[in-house]
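Below, subunit A partners subunit B and then partners subunit C, in two separate complexes.
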Partner chain A sequence: MSDMDEMDDGSGVVKKFMFLNRKAPHGTVYALEGLEVVLITAAFDQDVSMVFTDDGVYQLIKGIDSKGIEVKDFSKTYRALEGYDVEKLYVDQASMDARGLTEDDLIVDVAVLSVDEMANLMAEQDVVISF
Partner chain B sequence: MPMVNIAGKEVEVDEEGYLVDLSQWNEDIAKYMAVEEKVDLTDSHWEVVNFLREYYAEYQIAPAVRVLTKAIGKKLGPEKGNNKYLYELFPYGPAKQACKIAGLPKPTGCI
Partner chain C sequence: MQFGILVNEGPYTHQASDTAYLFARAAIEKGHKVPRVFFYHDGVYNASRLATPPQDDRNVGARWSKLAADHGVDLVVCVAAAQRRGITDGVLGDNFRISGLGQLVEMGIQYDRLVTFGD
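And then the complex of A and B:
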């Protein structure tokens, strides 16, 4: 069997992927790289959810201005996720509270989950990838 | 990276010919890229190119072809939001060729 045949056998399989974003948007490349992986995963028609926790919640805040550090402001790209059928966005309640943030501070619609709800959601996944 | 002279202006492109600094983009560059891609630009082509530029301005990415098709259908009507129409305009891939002409980077998830 050629590699191609094996790839064909794999098509049509849909797995539940969760991408866990824990870091602030700038300063490291994790947030941007994680976002690119999400877009690619969605292009393969997989079941994608994104979780924002710890400093990762800062990735979604409104009014980011990255001009001063001379990097692209990719926060607008989170608004494109809906067009990629990535509509399951979750944030961690405790991380929001600790930073004085509410849903109104975020550029996209999210579901705010407690630690227990998050743990249940995580247990349902086939793959969890942390950035 | 290579430099090319387009209408008397030096611009930088990557190995695949995509514009490096999208703020340099103008219609002359679009026309130059179209010649490179062997695409004869009509109003229908411009409609897609301009749509892509607006999409990029709003979301800071070039859309994957599936997303582009859906978004065009929503904005310009179902007769244009399908693969057949877009591939007739850009035979070597609407995302790849139209993005190049629009001065955008190659789309993420473009395989």
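And then the complex of A and C:
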């Protein structure tokens, strides 16, 4: 993808961008198109964090098989994020608990945060984009 | 203050584009700058000049075009999202242009605030 080449807005400014993923991976297009924005933001050498909360935690679960619904499976992209220097992945503890999930159910290494920790992390950001 | 605006939903089905427009207009009236609005997801449908809503209702797309004409707002439609949905240069309303997601990221980097309107 040509968009993935190094990009620069010319300012040299690095801001803290948080991408808040709230939706299940399939059913709506938000997760897939949201991931595109994350990759472009990383290509601009910005400080990127991804948060998975509510049904967004399902984006990271193991064993996704979307063949039956004839929709592209993009879950491998989460594993490739490290290659784009997107290494700050956070999940919301309460969202995991409510869905009976633990870190072992996820395809990537994440930090599990309490509500208070999440609030602090959000307060540190310059830009929060929610999908 | 400089506001960047992100519109993530299409016209009429969802309130997002209306609220974003009213926010942008109010910000400009208060003396702030809205240099750019970025349309993503189904938000790209706001850019279609083929929409012909009933005359007793607002024309969401045309309203954006006029805001751009009056105040120099850059209306940018995401190329990847647009291609998925059949929005091409041939159907763009006045003052909309198609470009890449980099234009969205730039808003986050360069402006004081980036405000998202969507679900």
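Note that in this section the second predicted complex is superposed on the first by the 121 of 131 C-alpha atoms of A that agree within 3 Å, B and C clash if a C-alpha of one lies under 4 Å from a C-alpha of the other, contacts with A are read in each partner's own complex, and residues count from 1 in each chain.
Simple rule for what comes next: a residue touches a chain if its C-beta (ideal position, glycine included) is under 8 Å from a C-beta of that chain, and two chains touch if they have at least 3 such contacts.
These numbers come from a predicted model, not from an experiment.
With both structures placed on the common chain, the touch criterion links A:76 to subunit B but leaves subunit C unconnected.
Touch counts on subunit A: comparing subunit C and subunit B, the chain ahead is C.
When both complexes are overlaid on chain A, the residue A:129 reaches subunit C alone and has no touch with subunit B.
When both complexes are overlaid on chain A, the residue A:29 reaches subunit C alone and has no touch with subunit B. Within the superposed three-chain model, A:84 lies in touch with subunit B and out of touch with subunit C [touch as defined at top]. When the shared chain is aligned, subunit B and subunit C each come close enough to touch A:40.
Shared-chain residue A:17: touches subunit C; no touch with subunit B. In the superposed model, A:59 lies in contact with neither subunit B nor subunit C. Residues common to the contacts of subunit A with subunit B and with subunit C across the two structures: 36, 40, 43. Subunit C meets subunit A in the complex at residues 6, 8, 40-41, 80-81, 100-102, 104-106, 108-110, 114, 116, 118-119.
Residue ranges on subunit A touching subunit C, taken from their complex, read 3, 7, 9, 11, 13, 15, 17, 29-30, 33, 36-37, 40-41, 43-44, 46, 126-127, 129-131.
Taken in their complex, subunit B has these residues touching subunit A: 58-61, 63-64, 66-67, 70-71, 108-109, 111.
For subunit A in complex with subunit B, the residues that touch the partner chain are 36, 39-40, 42-43, 72-74, 76-77, 79-80, 83-84.
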